[in-house]
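Have a look at the structure that comes next, please.
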């Protein structure tokens, strides 16, 4: 049964990928790519990677789609018919694929418990997390503590992206005009009411995910995305200007940086106890408690930066002047 | 005994739900135009989803899982008609004409109870 | 106490400074902060290098988790040297950047520019210092992402910066993804990500096909990042249209970090005994390096825009570095490592000169430099000196590199290669001399109002030029370090 | 190779097909948005490759339940979490670039942009030309 | 002052001169005074060094260890000492001449000219005193680069093209071939020091030795051996003092000097003789010698003819080295000095003619000798020296070379030398002859075209011509005298060089 | 039984994909994508039970949420050609036409 | 702050905390305090976003709402069955119709509930909402007529107690 679902989802993915290749309407492409993420997230759940699935769904199906749609709104709807030769790319890709297939021949079989990956390093995480970190979610433990520095890097990556988007787009954000309110969807009765009702629960869900990352799937990153989603939906329905008044871009920029500082600051604290960077064990009475506090702190930093980056990126994209001129859909 | 009953009920719900979802999807493919496709899609969203979730709730017994299943259900209950309405509305506004129905003309205004939007 | 934490401070000092600088509203404040931070970073790298030279390698456990379970920073003479190059250039660029950036970038972006700059520095330092394969990827991406943005900032003067940045982004991401695939495959066969641990566990897997493919993907991935011919197509435009200060920084550091990564993976992770290594070197790296040296230099000759000309020259120079590795000998690797340093010095200086010309003339083409030898004597003198270094004239660093490279070729008995190496450097004579001719032997246009570049740009330029000469006249230190690094990589006793 | 063996690799093969489809979209299409989509697919497929290798048959998600169970390997999950973030960061940046390119060139087709760039390059030769 | 200080000073002096010239650029008189003073001071230093060298142990100094084992070092040995004396001595004369020529022709960018000139002299001295092949290579390159602005001095398209050829060939061959050869030597022997008897023996197999020698000799583009001689005629567009510098003072001399050094101190005469590595070189030199002479015969441009003459004469030096005997080495080395003195005279004269009349073509110069007796007299002496007739210095070098061919039994070579001398006579003496005797009444054949127009009558034309300015005429007279002096004082030169020919 | 449900959902997903690919109008695609999303939510919920770890419903919840936001974004995109506050003449005029 | 807003705020906070307790499943002091902090934060943000009003916190709906839900469930089941039959019928017996139906609710929330109820019952989809009427697309004539009877409209009216 498991392999049937597995296969089915994989085939879905392949089908979707081919569809993306074939379609020239960019809108379809974007929708299909959202579906691709959604299916791969389902597959990730199936492969026991719940945290990853959580993230992939939030990112691939959520954030990417919104960003791509904004881009489409500002650029073009159709792909121009290709003029370039496709033989060379095909050959290159085919050879690359062939190389990879060749590489699979010596791989351990799928799901093989005796594969080398399951023999070294990972078993220790599984066996030691309970007493060293003291939280059920091993992924969070590894993410935030054993390989906490990777995650600091990850936060820096997302911070970089936030800064980069600001650098690229902040200069072309349009000044709000008096007419802007018209296009807020406020007059859309159903949307307005439902959104108002949902914002609270969405925010709550975000914070729930933020603080329960130790116990189940989730954590700062996912929480940040959901948190930002609440703002995005608010901005979609009530207009960017309203959203900007409630949460100004400058404040977002501060939060953006603050998150990274919280994370790295948590690491720096260890210095004062003459411990290595990111050694949380000094933060609490016992090493385990220290780890727990440390992880909560860094996850908080992650969440803050991620949410701020998402919001500021959305602001930057949505605030662009759409090009003049139209083309038929 | 009770357990067996619950099990049986859960099966029924799940299978019924699965059936409805399938029917909905089939309808989505079969129906001739956009507006008619909205209806079978609604099957999946409403009863299909609810049945499956109910079946799962019965499996889970009363626990945190139940709460979450319930929340999913509630969320879908709120959002799915909203989305459907929004899509339909967008299509109409954009000028997509139903193929098998005429958009009736706007009846004359009855009263001027304006300023509804806040 | 602080000296125990030097390895991590090397990375987190700029990392923490980056968000701090994002708070700065005024570009000037951000600039001061960046300058101080870069200087500190440079000091740290020098301290690390000294420490490493005295004590051998340093290992720093992040979060105090023991090595294969946690992430380890592992500093040895090779990466300490590269760290020094990166942070040194990073510091040298800043005084220069202030004037240059103020002229080339839209005002509202100037403050954030320094944040991106610090992030780029963080990324480069992080990917070089780390002893963990995946961590290297993460920091590689930090540097890449910030680089894309920095390159795109050139749009303030030329829109082509945007398309260049885009191409760079696509190619860079493909490269990074290949790298990740490769790491995934080796992880699959070994269960570890720590480089030293990987090296140990890859023993006995020499003929494993998965590992072989992993090798291929890692090499290709890094190859894309370091613009190994023919995967260099992103580089010329990216360098040509980025803001001048960014070009200086990138040309002098970015590919260096990638070359380092390649060295690390080839020699430390897969190891000199890896059966396919020799074949790869002989049949892949040597021809590609030669092709880079000749094709890119030839293309450089026909460029009108000087930045792009030097960018192509960089591709050729990367060919030298790769060729050095391909000899698999101490001398060859010494050539590669020392050329990392030397090339940073000469390209840094040359691009600085071009930046100064851009500042005064609006662009650096053969058209705008006519007669500049008289109008901007110091600037052009710097160009000539740097150009001589690029050609490999004695008493410049370029000569030192070439010396080791040719010696390596002759040592290995492949003397035709030696001839090819010097022949390709003759191509450099042609393109450098085109500039010299235009600047000195042509009269400036009558209405030319060009004046000498400001001191803030001249001084860093001449510092690098002086370094070009100094390390060309006294290459004892650099060649000792480089050869120690080469021995380390090859596992030869000192 | 036995059938069972081949089946054990089948998962990987499909993942490879996915990766290559993504890569093909990137290298063969000229539309800048579609390229980004292709990159996304490429990267997502790589994520699947990692996660596939972490899967243990009969295992379960690496969240301790207090019961002795077989867990799938948590490390690939951690790595991929990071990689996903990198992916979205790249996508956001790429799309921002596309928007700027559209503003500057009024096109998001690589071929047209190259043509415009080439024209600009040829202009440089003319005296006094400033790009 | 110690010998090593003097050595360093011999490099610093022209360098300091260059800097001072740059500073004094605003005032031509001051600038030229600085040049002259520097030249004189340098000559004094070199002479002091010569005396010290004759008196005791050779002064040496280590400047800098560039790479482990690779040193920048100076050391005096006979050949270098001779070269240094020639270069520094002729610089004085050349400076005087430059002042006259540059002012007379109102050249632009004179400051650049003098600066580059000083640097070129500095590098020539460096080449002369190099203690190892690396140091020599360094100065060799500096010399190439510093003379480039001199060659391209006029900045006309033609000058630029010549500059390109000049630099391209010199840098190309030196980096492309000589550097490989040097590194090869380094890899094979681990040293680059100039050592009596050579360093390669036993380190490089006999089969590879010719190849290595080929890399060296072809790499030394400045020696203008036939396939790589193109730069030399091309460089004729430069002002005449530059030509003098190139042909006599520094550049080509540095080239053949390097060939000599390589033959004597890197390969070692014995090693060359034993392996026969230089046999091909001997034939190439012979070919180059004759071919260049024949080409020279066909050139009607005076400077071009002199240039090809240089190509030919330089081959004598190479031939001397290639003969691989002590007499050959002696003859070749002497030829460096003798040719320098002779050729500089000829170029000075050519320049003087140009300054006075703006004529460059030999057929146009009929009868000029009568108007410019000093110039033509000097020219005659220089020509005779080049040809190798007593009582001019040039006869000694030819003599030793002949002995060498006889020693080694290379009768063909002996024949070549003789034929070459005849050719020398054929392309040099007619110039003098026409200067004094031709065209006294009739307008020159080639001048017919312009005589047809408003050109003044030949007599008035000739009468209008006077000797070039004093600064242009005095130097050739001095060097012509030098040619004669060298004949009588060749003995001291012989004694100076004698140690290198001893095994 | 979970398996049967899962398979039914998978088949339904295929059908939704067919509609998504076939279109023909863009609204059909949005509808199909939305419907696909709902099915994924259900599938994940079921899969949680199938693998015996039903405590991953957070993910399903997240999907439901994102599905909603995605749809709203798409619609806004259609209607105003921008996710911001752009005033778009054509959309406004279309609006008028449609309502008359 | 007016009393009404106060109650709404309080209502939101309490509702959120209840939701937290339901979701959390971990009742340690640490997490409970996180819960309280979270709810406070949400209320703060909601206030800043200006979404605390009777629409976001529909306290004014009477308990009749739950009765209505039950009725709606029944209706949904019925119409599901109808549409399923149509889909499975090889002839596809549809007769798409669009009609305006009156919406007599006083508040927007009421109208939204009505419109969403229409959409939730398969066979009818609300396409546009005007001041006092809703444009409905029905898959069959019968479904449209069922709505036009006004039964659902009235029931929604009733739950608007205040």
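We call the chains A, B, C, D, E, F and G, going by the order they appear; numbering starts again at 1 in every chain.
To be clear about the criterion, a contact is a pair of C-beta atoms (placed from the backbone, for glycine too) under 8 Å apart; a residue touches a chain by one contact, two chains touch by 3 or more.
On a predicted model such as this, the values are computed, not experimentally measured, just so you know.
Chain centres here are means of the Cα atoms, and by that rule the chain farthest away from chain G is E. Farthest from chain B in terms of Cα centroid separation is E.
In this assembly, the C-alpha centroid of chain E lies 87 Å from the C-alpha centroid of chain F. Centroids of chain A and chain E (each the mean of its C-alpha atoms) stand 75 Å apart.
Chain F and chain G, compared by their mean Cα positions, are separated by 19 Å. Centre-to-centre, using mean CA coordinates, chain A is 14 Å away from chain D. Shown for chain D are the residues in touch with two or more other chains, namely 19, 23, 32, 53, 60-61, 63, 65, 75-76, 79, 82, 86, 89-90, 93, 97-98, 100.
For chain F, the set of residues that touch two or more other chains comprises 13-14, 30, 51, 55-56, 58, 61, 65, 67-68, 72, 79, 99. Chain B has residues 24, 26, 38, 45, 64, 68, 71, 75, 78-80, 82, 84-86, 89, 92-93, 106, 116-118 in contact with two or more other chains. Inter-chain contacts, as defined above, occur between A-B, A-C, A-D, A-F, A-G, B-F, B-G, C-D, C-E, D-F. Considering their complex, residues 12, 15-16, 19-20, 23-26, 31, 34-35, 38-39, 41-42, 45-46, 48-51, 53, 55-56, 58, 108-109, 111-112, 115-116, 126, 129 of chain G touch chain A.
Of all residues in chain A, those touching chain G in their complex are 189-190, 192-197, 199-201, 203-205, 207-208, 211-212, 215, 234, 238, 242-243, 246-247.
Residue ranges on chain B touching chain F, taken from their complex, read 10-11, 14-15, 17-19, 21-22, 24-26, 28-29, 34, 37-38, 41, 44-45, 48-49, 52-53, 55-56, 59-60, 64-65, 68-69, 71-72, 75-76, 79-80, 82-84, 86-87, 89-96, 106. Taken in their complex, chain F has these residues touching chain B: 1-2, 4-5, 8-9, 11-16, 18-19, 25, 27-28, 30-32, 34-35, 38-39, 41-42, 45-46, 49, 54-55, 57-58, 60-61, 64-65, 67-68, 71-72, 75, 78-79, 94-95, 97-100. In the complex of the two chains, the chain A residues touching chain F come out as 1-2, 4-5, 8-9, 12, 15-16, 19, 23, 25, 27-28, 31-32, 34-35, 38-39, 41-42, 45-46, 48, 50, 53-54, 57-58, 61-62, 65-66, 69-70, 72-74, 174, 176-177, 179-185, 191, 195, 198, 202, 205, 209, 216-218, 222, 226, 229, 232-233, 236-237, 239-241, 314, 317-322, 326, 329.
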